[in-house]
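What follows are several structures.
After this come two complexes, each holding subunit A, first together with subunit B and then together with subunit C.
Here is the complex of A and B:
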């Protein structure tokens, strides 16, 4: 019973935030002279109006969920991993290059590409963890700065050495991967691909892992009370490098699944401008680092984004309304964490973890 | 080498330093009262946008600067309220503020200027350049120091003013005390909360100026996310300078120089990807060598006082 109310609580609070976000969004709609009901109807239609649009939303949610899970893992351990964007593009590039240049049957190439993406991103992320544990360099700042380096590096790779010179030479992108390596589409003619299934399965696995394994307990303990954790014999440095590796690997998987399932090549800037990584971080913050909650909020953010595009097609209201609503959500969240903290304090801190 | 390190490079350095320095000083003031402000990036972005907006609406530079200060002040009030009154985790509030800044500026860019990505008007005037008499006539120095935008000089002036304020005035000591040991400060009858508010507001005003220099000084335009990591670099400058105005100025000078060099290197046949990476790499490397051992305690203190 307790568990049920806990799960419900994890879901109710983000929903409340969304209501507030929609109210502020309504004000923004009024400012640009739109009709609130019509605009929100179009927003809904763009996100869930038909089976096609719903699947489209799920396709967009796929990388957001994966990034979000990785960030949730790091946040749970108390590490502010803000480097998902860099990790994701590195993962995507590694996956694309592996898929292009490794010989072998399609399935082997696909697995190799996924692993390459996860390992490259994981190492990049673990580097930040190592720098923190070894040199005491603030993880939050290094991960932020490493984003820029990774994005520029991948940009260089597809502008010079691995540029696609077969087709139009204008775009900085790799060649297209072989069709045998591509993820299968779940439904014919729809954008959603098997990456979505992977994301959902991983959501449940991560939830169980954090909740029921001893490593998961160490992670929660480190995030809840670092001093207690080190007293209990948890090696902070080791846990930091490992959980940052895992966290980055999730972001790398997100990049790989975008390459193998949607774009079929690495196109410079496409992942960054779609804002997948930051949406993932937002989803995690919204769900208070709860894996299942993260998946739900990821779908909601994806819906806001795809709905915003649909809304822009059919009304005069710019799709940027979505970014306003998202920003309000996130602000509401930082206040909400506070409220839950005060509550916890009042309850005598009986539960140290950030559930 | 002579081609690389010429006069205009050093002049460009001063231009690049100004936004980083102004924001880093703001960050330093916040750090001094125990608030680690990750929201600098967002504050600068808001400042940059409001400066362009003020200029667009009134055509006056003075009003544009005022605009950017006032709007960033409102923004930093939000930060202050959340982190001081609601006792929220300062880092989460800072991150949220960055999201809010990006969301609001892209939306306003669309709603007010009806453009996507960037706003540019060739008739718009930038910050006035100041020629300093006497110095202007010194051969090399004159070309570097004279003829910069007024905010560059303002930044240098603010460093000196802050240094004196923090270490020579009573209110400066009170500010330091409020951050050093809030409980002791409170027992002396200091109103720690209002001191923290004041610090956050000073930080907001400085970030507004930083934004104005960015969008009206370095270039005359606004592009989405034009801060491009400068807020985070400023944060590192704050840490390296140990939140001491002159130290912060030194660190900002290093990063501004790297930025100027990265633009300059584009003229050589080096891919722009690598030249743009330079400031970030140098920033990370600097974090290793100039590790601030007291920083961890500071972070502990800040999370302690915020909770």
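Here is the complex of A and C:
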């Protein structure tokens, strides 16, 4: 009973936020002279209107879920990992290069590529955790700044040393990976691939991990009151580096899964412009870092984005309506963070809690 | 008589905070109000400042009866109060903080120039130097206190209440403050000072009123008394010793040698502290809060880095070891501030209960919920912890019940060494009896216990040996069987041991 209400509670807030977003979106639709019912019908159709569109939405949701899970893990421990974007592109590039240049059978290459992506991204993320625990450099700021380094570095790598010289010289991208390394598509002719299954399985595993293991307990306590956790013998620095590593590894997996399942190569800017990382962070914040809530919210956010494209194809309303709805969601998140911040200030921050 | 409080009684439900308290103040007088924690000093002053209304009794100013509904009423009757925790806006300048609420205006707008002039005038009139343009955030605590006093003077106060004014100041700042108080009193201002630092009180006051358990035990002229007499008046009760077995100490369990922690203040936080705690013995550390007790406990339990010295627990050198290592070596710890260190408020009772017990409630890293439930439920039953269920969040438990949970959790460690810091702070009498009983039981079971409490009665009741801390040093060691409360209070206040 408790468990069920817990999960439901994690879902109420994101759903409420999305409803309010839709209402405000409706006002915007009226302003641009569109028909609300028609527009939202098209939005729905574009996201879940047919099996094809639904699977398309799931495909888009895959990296968002994976990033979201990683961020959720770090947030639960009270660590604000804002570096998912950099971790993701670094993971994607590492996966692509491993798939391209490691010899061996396809399956081995695939596993190696996934691991390379996760380890590279995990180390990148753990670096920020180490800088914080060792030198007290603020995690939020270092993770944000490391994003720039990672995206520019990967851009350089595919513009110069690893650029694909075989095809169009205009694209900064790696060569295409061998078909034996690619993730299998779940259904013929559709974009959704085995990465989605991995994401769903990991969602459940992460939920169980946080709730039912000793380490998960330490993570929750560290997030709830770091002083209490330290007093009880939890080593903050170690936990920080480890959970940041795991958090980054999730983002790296998101990048690897995009490379192996969707784009089949690393293309500079493609992951950044699709906004996967920030959508993942948004999903986590909306779902209050609950893994299952994060996955569901990620699908909804992906639906908003795929639906927006469908809406634009079939009505005169621009897809920016989706952006307006997302903006409302961001407002929701900031309001909640601000309120809890004010509450903490008022309480004189009597404990050392982070959220 | 400038101010009279006549037969003030204040009750909260069944608790009487002040009973039939009479207090008066002459013009130009410095009148100190002293007493132990919970003696009713603060309640009395909250009544005078309009923050509480008395259950019965009257307040008269210059012979006329008045009643205050809120501090604004009190301020309009020229009563001002400087709280223990300063109430200033750090982002504003000193002048802005002083005139706040009564800003000089020009054409409906704030006149900053006038505010600065007023501040300079005030500062010169009362000889309290401040820089009006300086931001409060950049001021020392001593300077902030001057600002608070000037603010009260700007509001026209004739009676100034100072609540624990020297608690946060450096010794030099304390001296300056005492000089300022004397000068202002000479100019006709009257002061009420709440404090428990006897030496400062003796230096600055004209008269002293002592409260104990909500009742006035005497008002004396400072010139006709001494610190020992005041201690006696503050404490003055017969002690009822709990039933306890004869002391049978064994080998040393904890040895602290020459512990030194510098800190970022001019005085070290811990100044060459050495002592040991033996099997089957309760060693009590007495002292006024903030004299290094918190730092000592944090250093012993691995939560604070130390600069010099060694700590040995169960024959293992645990100096600089991690909290986990120290706990594994045999430490359990009832922390002094339960909300800061002792619990996670958002987490459930059972989650809070298993901290430190993970290895016994998990298998290969997986938590076993059955074991957790039976463990925590057994504490709930034996300690009578009132909670909705084991899944209730800790924040919904009362302070006393939360404290019982923490005590149960730490005692269940059955560790050879136990730190009990303020184990009964803010708990009711029933919970106190249970907790004291459990501590004595652990003592009988040969555990070594280090008790830290700002309640002298608690120290006297439980300890076998008593150490007194003052300004980061151990200034005295006494045998609990022969020590008197007067001796201890004197040491606590920085005086010399007598007898």
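By our rule, the second predicted complex is superposed on the first by the 332 of 355 C-alpha atoms of A that agree within 3 Å, B and C clash if a C-alpha of one lies under 4 Å from a C-alpha of the other, contacts with A are read in each partner's own complex, and residues count from 1 in each chain.
Please note the rule applied: a contact is a pair of C-beta atoms (placed from the backbone, for glycine too) under 8 Å apart; a residue touches a chain by one contact, two chains touch by 3 or more.
Just so we're clear, the structure is a prediction, and the values are computed from it rather than from any experiment.
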item: Touched partner set for A:137, first subunit B, second subunit C, both or neither; value: first
item: Touched partner set for A:220, first subunit B, second subunit C, both or neither; value: second
item: Touched partner set for A:321, first subunit B, second subunit C, both or neither; value: first
item: Larger contact residue set on subunit A - subunit B or subunit C; value: B
item: Which of subunit B and subunit C A:235 touches, first, second, both or neither; value: second
item: Subunit B versus subunit C as contact partner of A:160, first or second or both or neither; value: first
item: Touching partner for A:178 - first (subunit B), second (subunit C), both, neither; value: neither
item: Touching partner for A:80 - first (subunit B), second (subunit C), both, neither; value: first
item: First, second, both or neither for A:152, with subunit B first and subunit C second; value: first
item: Partner chain in contact with A:278 - subunit B first, subunit C second, else both or neither; value: first
item: Touching residues on subunit A, where the partner in the complex is subunit C; value: 2, 212-215, 217-218, 220-221, 224-225, 227-235, 350-353
item: Touching residues on subunit C, where the partner in the complex is subunit A; value: 301, 303, 322-324, 327, 333, 335, 339-347, 351, 354-356, 358, 362, 365-367, 369, 391
item: In the complex, subunit A residues that touch subunit B; value: 28, 31-32, 80, 82, 131, 135-138, 140-142, 144-149, 152-153, 155-156, 159-160, 278, 281-282, 285, 318, 320-321, 323-324, 326-328, 330-331, 333-335, 337-338, 341-342
item: For the subunit B and subunit A complex, residues of the former touching the latter; value: 38, 78, 82, 86-89, 91-93, 95-97, 99-100, 102-104, 106-107, 109-111, 228-229, 232-233, 235-236, 239, 271, 273-274, 276-277, 280-281, 283-284, 287-288, 291, 293, 295-296, 299, 307
